[in-house]
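Below is one structure, written out as structure tokens; comments come after it.
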Amino acid sequence: MQLGLVGLGRMGGNMRERLRAAGHEVVGYDRDPALSDVASLADLAGKLQAPRAVWVMVPAGVTDATIDDLAAVLDAGDIVIDGGNSRFSDDAPRAERLAGQGIGYVDVGVSGGVWGRQNGYGLMVGGADEHVERLMPVFEALKPAGEYGFVHAGPVGAGHYAKMVHNGIEYGLMHAYAEGFELLSAAELVTNVPGVIKSWREGTVVQSWLLDLLDRALDEDPELAELSGWTEDTGEGRWTVDEAVRLGVPLNVITASLFARFASRQDDSPAMKAVSALRQQFGGHTVRKP
Amino acid sequence: MQLGLVGLGRMGGNMRERLRAAGHEVVGYDRDPALSDVASLADLAGKLQAPRAVWVMVPAGVTDATIDDLAAVLDAGDIVIDGGNSRFSDDAPRAERLAGQGIGYVDVGVSGGVWGRQNGYGLMVGGADEHVERLMPVFEALKPAGEYGFVHAGPVGAGHYAKMVHNGIEYGLMHAYAEGFELLSAAELVTNVPGVIKSWREGTVVQSWLLDLLDRALDEDPELAELSGWTEDTGEGRWTVDEAVRLGVPLNVITASLFARFASRQDDSPAMKAVSALRQQFGGHTVRKP
Amino acid sequence: MQLGLVGLGRMGGNMRERLRAAGHEVVGYDRDPALSDVASLADLAGKLQAPRAVWVMVPAGVTDATIDDLAAVLDAGDIVIDGGNSRFSDDAPRAERLAGQGIGYVDVGVSGGVWGRQNGYGLMVGGADEHVERLMPVFEALKPAGEYGFVHAGPVGAGHYAKMVHNGIEYGLMHAYAEGFELLSAAELVTNVPGVIKSWREGTVVQSWLLDLLDRALDEDPELAELSGWTEDTGEGRWTVDEAVRLGVPLNVITASLFARFASRQDDSPAMKAVSALRQQFGGHTVRKP
Amino acid sequence: MQLGLVGLGRMGGNMRERLRAAGHEVVGYDRDPALSDVASLADLAGKLQAPRAVWVMVPAGVTDATIDDLAAVLDAGDIVIDGGNSRFSDDAPRAERLAGQGIGYVDVGVSGGVWGRQNGYGLMVGGADEHVERLMPVFEALKPAGEYGFVHAGPVGAGHYAKMVHNGIEYGLMHAYAEGFELLSAAELVTNVPGVIKSWREGTVVQSWLLDLLDRALDEDPELAELSGWTEDTGEGRWTVDEAVRLGVPLNVITASLFARFASRQDDSPAMKAVSALRQQFGGHTVRKP
């Protein structure tokens, strides 16, 4: 089928290729003319037969502006898909705005990172049945072959919600492996830490794709000496904890993983300075100067 | 090669089958005559040609007694393997006792649970090079085919240590998925929680064998309504935290997972009763009777 | 000085008494005529000489409506004080609305609970210098005698912000004591748990007013047998964690305390059901039925 | 009464003064002749009338050796008191060794740090009723005046156990304040962080001796700029978590506080390096070099 695709960066570019390889006709637009198939969003709309489907794959900060621009060149009966990293709570307001013009809206959480083009993307979809059904050929082409990798999770917003939880879990999984790696590295008895990690890739309860990647990383740098622990967090981890707080769900593991990222970006911990100050006050304990 | 195998319960019995299927000659002993190939440990020793290798696969509580009984019927040059859930710190004393008789000792952490017979067992091995080398045919038969599933992690104790950390990680991984499941279940937007879990099995960053098992469980019972959250912990999780404390390694995620198991077994939380009491004292807040 | 006081429940009623005892003229209004000094807000405004100061002490859910009603009967130059449990982020919008009428706005976080009437209330104040200065006689009367118990923490919103953090800390403090109480109760060696708590009230590093209250509670019920651990959380704990997430500040202790309250209200943990399901799948571990 | 006191460092020296001020006859011994009242332990024993009581106040590492030396010069009917930072599990073996000579043993957890001489020490005592009764005059002199500051917590070991839990709670309390301080410091709205802390000293739920000390520290250094967050941990925090693990008690807050100290001593987090490596592998996320 025909699909408009707005945003041809690392993710969007790879998706265009995967879709074309599956026989779909993709008209791509990007602000960078070197990447773009068309000169403008109007151009893009003109190249697609109504009812159109246009997938937006841009940084979360410009998604709303992009969708508004797009809406100006679309018609009733068209569908806009947001496959970016939007917060789920942005979806319903967007869907409502577009519905005012008779335009449908579907949100898609997309997993798979740089590996998606080859392996297929995990897709979590939110939207009305009729809209999701119309888009199934696109979803089929993007997802991995076989039974898994796609879900219609619920109404508008459910796709980004499921993706948010996916990422929250991802934080926890990564940190569990990371803690194990640190403990092994500290232990006197274990003399072959990368070998232990590698061995776990089959026959064990902890085998996973993330573990495979950790093994790859250790193949390249067995002590991770070339990396600092300074780690960004993207919005999804924070939104997951926000939701835990809103819904009263205790998420100790995922939250600890998020907080560890916060701590990784601190030169020194103000909280620990306060602890240090208290110990000095009551115990006369020696403290360190910065 | 020939192998003596002491303990033919769920794990030991399956291992005997996998080893025999690989062409090894296994002489098995179990206290239950219905499972045993021989009448006694002496009998077992008599059926094996020196230098012997005898794998002990019994509950952790009786491992030391079993090894002592076994040592009485073995000779210098033999090797004892402990593949049970021993604490790593029990290995060196055992190795020393056996070394006094000229008997070698190798510790093996075995992962794979009920799936091991079919898929192969993940093996983490501690011991001297010469002992490990002699046992390689057995390890090759037990481990999964291919590159992974086996590591000689270090000297005596390193196998159980690596297995302990493996289980600690396992606690963290399970709890990360579990928290995600709980948040999805609490969310208003997501109407198809089992479908979301199932979709993650391919194309996503969180794909893993544990996730596959969670999907299986939800296929059988989509809301896990037939289960209580009451959950045992085996020693490895506790030992992991003990080691974190001993070595000064911050293991927030793994420890939170362990503590969640402790909490799952409490009818009511004494700590929360104290919080409740305090709130009543200072705020006149309403409290609940038990 | 003259003060209007809207809301004469437990907190407001006690504050009226403390203010009158200090010689201030308080005109109180409450929807309950049995408590109220006047028949209506208009009445209240009529009894006060301009420029007026009116303190609002109502449940957080009706604060905005109350302030809007009040604004309708006030004049430019008057000041509205919100001493309730508002989220700090509600303060600036309110201040702006009132500023449109020339009415000032000051937010006050009030601590002290049921003990405040006797001991004085801890006051954390946000607002413009000129407004805060005009209200100082009221603050002086409400706060404890002496050097402490009052701070002008910053501009509008800072008072509720400081109170929010105060409550977040309070969650952590209470839970630290609560965990210690639970561990003592579980220990074989300690035969006099209430005695240990009582002894800590002087000469120790952990002495505090909260500890005094815990001792009081244990005097009444040495094993807290009359209480359940089911515990509410008010908004401040959640807002504190929200802010931690927004600002990237790792608040492991306060968040764990909040999550423990969430868990205290669950009959069973959905997350632990998932853990239980996983253990059954991979290990054949016995699980419990609900 | 007469008391032998072994170890006249900061703690022991202050205790000698407080005891003498209360009219007791203290014979002190220290390896440093400049501090010591007598030339040797034998000398000390010679100066005390039987049945003797000798209080040992030496670093935990040399307590056992000191007690053994002391036992060599004592007689049946004497009592040895250990007031140092021993692990509770060392007490019963010591008591048994001494009982073999007919010597009694009492363990005392002592709180109060550098403030104890002036304010009195919080004393948590373990031992047999008859031994504790004989020592009451000493305990009365050391403890603060009034109702609090002393408990006979249980049999031998219970004193150090109660002190261990006291210190575990102390970790949690300090960290709760520390987190609040960090959040206030990060907040845009609060312009007077030390003022907020100071205000809390009266009229609030969070008032405590530790808060007073934090205020003192901020008086000296309002941003704690002269301190690093690098913080030691003494044994009691670790033992508390060990006990939580042994007894199956979930101590999330205290453990998080301990782990934060571990983290404060790391230049970089090996765990976060592993997280960083994973993010680079799956997402092509930019990472930092060390």
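The letters A, B, C and D name the chains in turn, as written, and every chain counts its residues from 1.
By definition in this document, a contact is a pair of C-beta atoms (placed from the backbone, for glycine too) under 8 Å apart; a residue touches a chain by one contact, two chains touch by 3 or more.
In UniProt terms the chains read A, B, C, D = Decarboxylating 6-phosphogluconate dehydrogenase.
For clarity, every value in this text was computed on a predicted model and none was experimentally measured.
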Sorted by label, the chains bordering both chain A and chain D are B, C
Same or different for chain C and chain D, where same means more than half of the interface numbers show up on both copies?
same
Chain whose Cα centroid lies at the greatest distance from that of chain C
B
Inter-chain centre distance, chain A versus chain C - centres from mean C-alpha coordinates, in Å:
38
In whole angstrom, how far does the Cα centroid of chain A sit from the Cα centroid of chain B?
33
Got the chain C residues that touch at least 2 other chains?
113, 175, 177, 179, 182, 186, 205, 210, 244, 248-252, 256, 259-260, 263, 269, 271, 282
Show which residues of chain B lie in contact with chain A when the two form their complex.
88, 111-113, 116, 119-124, 126, 143-144, 146-155, 157-158, 161-162, 165-173, 175-177, 179-180, 182-184, 186-187, 189-192, 195-196, 198-211, 240, 243-244, 247-254, 256-257, 259-260
Parts of chain C lying in touch with chain A, wherever the complex brings them together:
205, 233, 238, 241-242, 244-246, 248-252, 255-256, 258-260, 262-263, 265, 269, 271, 282
Can you check the complex and tell me which residues of chain C touch chain B?
10, 113-115, 174-175, 177-179, 181-182, 185-186, 210, 213-214, 216-218, 221, 224-232, 252, 256, 260-261, 263-264, 268-290
